[in-house]
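Some structures to go through are shown next.
In what follows, subunit A forms one complex with subunit B and a second complex with subunit C.
Take a look at the complex of A and B:
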């Protein structure tokens, strides 16, 4: 309990918000809007998990939003060309992994700071896409939306897929040696190297994995609408970094749990609908989200200070 | 003669470690007073007390005859105390004039910089000490001695009356030394008191007027240099018996496990190392800080790969270019700085212990929780690690127990060769003797052990043979029953007993 205190406190905060809504705005719990909310957040959850790994390994990737847009447009174009669903799926994941590998090469290979590298790739991918598409939407063929299922079935499929992946990733973090590498490298890369772990390879792999998850998330997002917006995914990086930080991932690396990220994401995601239901002006949304992030960071700061003494 | 600095019965402790146990020291105007002592004798702590970096626990400091209640770095600066470190603390990207200006000009944020006077002053100060350095040169482009001269210029400019020099010649060539000595003599002539720290005895005879020897945090004697010889100084430095009881050497030595032939690594200053380590044998590595012992360990572990010579492991010629390869060859390295590189403080000790054996606890990449826990429990019991369980984070343990965890990680790899770097540094006495027993037991079980230690009694008490390093190479191999005096003489580069090659 003490070990997971940080994660439990986020879960408790979420429970508190949900309880408040149950009392003051029971309309929040209508099934259809709630289902839509969760479906919208399903792809974000995957990207947030990837981001958690990146931050735990003491790096950052702010190009995920742009990667997301590139993958989305790719999915759209390939599907429009008549590629089958599994092929499009593979293409999207590979596309993301390639972009992640590009970041990884620069960060791990040349040992450049990840914030600068991913800032550059963020701008590059985004602008290249704008130049290529000129802001034009891509129309998707009929069979693609909701994976060819009914809307409700499609929504449930996406939510379940995201949850199953979350569970698998959380298990893998604990039970795969790769998971241990990420934590070790994030806490003390030199110590990890002395123990025979290869920190640069670990960092590279984390970026590739991040990209692959973005590709997957893009796929899950595209199937929710009849068209692909080439501007999709803007601001995604901030959203997922916020979710990771609120969920207890330490920006200094080496600490964090995926289920904490899950609750962090839900907490941030239900602010906007909650405000609507409570008849508070939507302008407050960002301010409240900012306050939550600040609170999380301050709590972590106080905690580490207490540990140090 | 005027007394500039008077320390009386100064004490200073760090936790349970008593670094200074009542040191008295004085410095006159116009003298060079050398400070001598083994690694860990308390020299650095004493300097830091004088420069105000450490607050003293007991005793008193008088400067210019007045007692100073609380010395801070800022007040020490104002009282005319300056310290020139071995590694100059200048800003590499700023020019010489800017660096001097930063030290000497008042510290207010919105002050107008007068570039003409700044440059003028730098020029004058550099001229005064006879340095041919341009005020506009970037410090990065200067050599080490030139940087030291800039430091001295700063000290002069600040009107320092007490100048401390901490091993200033450690990285200087012969010619540069002479330049520096001339400056030191000039300083002395102008009435400045110089505290001079060096491991090179010949320098002390050339330069110093008096010498104080520190040992185990106590001053064991202040003598006029004209009244003492080298042998007397060394005797003062080591002059003690091996006080702690060390486990007896009873292992039978087996085959040669590690054999080095003219091994060298130009980038880290290690050269021409030839050494054999046998199974069941503890070879102690003695030498002063900077003699290249840690560098040799890093070469052997593939952190800085060797570029010349041969490494033979069990008779097989091998190359080691990464730590991963070293681990695969059965070499284990318990690093010096356990808090930085040995134990990951945030991680549970079980994870720490299995960090180098991932293929064993993750067969087929999937963790066997039970196996990991069992390995950790065995090691905890085996080494008597005091922790509440395998899931206790490394940071929750005491220094000695952290060191055991660091050791456990490497024992788990079942190595053939164990390299220990300062295995008991900063460890309390009880844990220290436990670690000694563990090391001896491992040797008895057939492990070849290479033990680097700056703790001379430890080297003497634990080793079956002693390799002494100086200047990046092994200068002598001494048998187990060597006395401290002889080891220290070789480490300092004296050859009077004929032991050094």
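Take a look at the complex of A and C:
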């Protein structure tokens, strides 16, 4: 309990918000809108998991939003060309992995700071897309939405897919050596190297994996509507970094649990619809989200100080 | 005598060009000033853009009717430097009038001023340059026109009463705050039984707009209408209404492009998409440029008679295209941008 205090406190905060909504705005708990909310957050959850790994390995990737947009538009264009669903799926994941590998090469290979590298790629991908699309939507062929299933079936498929992946990743971090490497490198790269881990290779892999998850998430997002917005994914990096930090991933690296990230994401995702349901003006949305993030970081700071003493 | 000569010239031109455009040559006596055909150069922000391709259609129509030579050129991608280069070329070429949709307000103004100094008439359309760099701005929509147009259409869809919500791009976007002011003023004035219950920002993204609309629909069971005042919010809200199974029960209107909304308009999710007719904008840009070059349009004029568009107001130095146009099921397929 004490070891997972951070994760439990986030879950408690979420429960508190939901309880408040149950009392003051019971309309929040209608099945359709709730299902819709969860479906919208399913792709974000995957990106947040990837971001958790990146932060745990003591790096950052702020280009995920742009990668997401590039993958989404590619998915749209390929699908419109008549590519079959599995092929589009593979293309999207590879596209993401390639962009991740690009970041990884620069960060791990040339040992450049990841914040600068991914800032550059964030702007580059985004502007390249603007230049290419001029903001124009991509219309998808009929039948792609909900993977050709009915709406409710499609929604459940996406939600379950995200949850299964979350569970697999959580198990992998615990039981696979690759998962442990990420924590080891994030805690102390030099000590990890002495223990026989190759920190640069680990970092590179983390970025590639991040990109692949973004590609997968983009695919899961595209199939939710009949058109692709080339601006999709703007601000995604902030959303997932916030989810990771609120969910208990230490910004200093080496610590974090994926199920904490899961609750962190849900907590932040609830704020906007909660305000709508409580008829509170939208001006508060970002302020409240900011306050939650600040609270999480302060809690982290206090804990590290206590450990040092 | 002069008139006869010009008639012969025009007839000759029509003969040489061999297109047999009898209507342009028959009404052609006014096309020719001093025996010289007027050349109007028209520039879009970028050539490949469907919006400007549609503007060009109207421009071609005007050129045909007025018998002016239309030169159409622009950057392949929105590029202010390339726009300047093209204006310089046109100055060398010695065109009579230039009509530009400016990518960068300040950036292009120097080149346009230079053109003006050489006696070339300059009109801007769609996006303005600095006022001293052009003679007139063809203004496709005023904030008042947009605000009133949205509110009138919302009231019509709702039967003049009921709750509606607005989805905007951001709470700080200056143009949208301006539109909201006119929406509210018009509501208070004309439709007191309509009630604005929520204003939500969508960060100019379709996905966020969908989430916002989903929450609005579930939080407000009496909601009758969603007004989406930034273009990604229209399809985003449409998807939310569709997924909530509230097609027809909740009306949707917004500012947007026909192509982004066709699917939802045909499905009956989106009722009205409001914008201006881009063809008319192109038509008016060429018409005004031609009128300026001929001296029919002068600074200080209060109105302009623009052929099929009728008599249009001029406010200061901007020519107003008039009320926005409403795209709906019956007409949206005629537009491709």
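The working rule: the second predicted complex is superposed on the first by the 309 of 309 C-alpha atoms of A that agree within 3 Å, B and C clash if a C-alpha of one lies under 4 Å from a C-alpha of the other, contacts with A are read in each partner's own complex, and residues count from 1 in each chain.
Keep this in mind: contacts are C-beta pairs under 8 Å (C-beta built on N, C-alpha and C of every residue); 3 or more make two chains touch, one makes a residue touch a chain.
Keep in mind that this is a model prediction, so the values were computed, not measured.
On the superposed subunit A, the two partners subunit B and subunit C both fit, without a clash. In the superposition on chain A, A:92 contacts neither subunit B nor subunit C. With both structures placed on the common chain, the touch criterion links A:28 to subunit C but leaves subunit B unconnected.
Which of subunit B and subunit C touches more residues of subunit A is settled by the count: it is C. Contacts of A:63 after superposition: neither subunit B nor subunit C is touched.
By the touch criterion stated above, A:203 is placed in contact with neither subunit B nor subunit C.
When the two structures are aligned on the shared chain, A:139 is found in touch with subunit C, with no touch to subunit B. In the superposed model, the angle subtended at the C-alpha centre of subunit A by the C-alpha centres of subunit B and subunit C comes to 130 degrees, rounded to the nearest 10.
Residue contacts after overlaying the shared chain place A:114 against neither subunit B nor subunit C. Of the two partner chains placed by the overlay, neither subunit B nor subunit C lies in contact with A:289.
Superposition on the common chain places the nearest Cα atoms of subunit B and subunit C 38 Å from each other. On subunit A, the surface touched by subunit B in one complex and the surface touched by subunit C in the other have no residue in common.
Residue ranges of subunit A in contact with subunit C, taken from their complex: 25, 27-28, 30, 32-33, 36-37, 40, 131, 134, 136-137, 139, 151, 221, 224-227, 229, 231-232, 234-235, 272-273, 276-277, 279, 281-283. Residue ranges of subunit A in contact with subunit B, taken from their complex: 174-178, 180-181, 183-184, 187-188, 190-198, 254-255, 307.
Across the interface of their complex, subunit A is touched by residues 301, 303, 322-324, 326-328, 333, 335, 340-347, 351, 355-356, 358-359, 361-362, 365-367, 369, 395, 409 of subunit B. Against subunit A, in their complex, subunit C makes its touches with residues 46, 48-50, 77-78, 171, 197-201, 203-207, 210-212, 214-219, 221, 232, 235-236, 239-240, 243-245, 259-260, 263.
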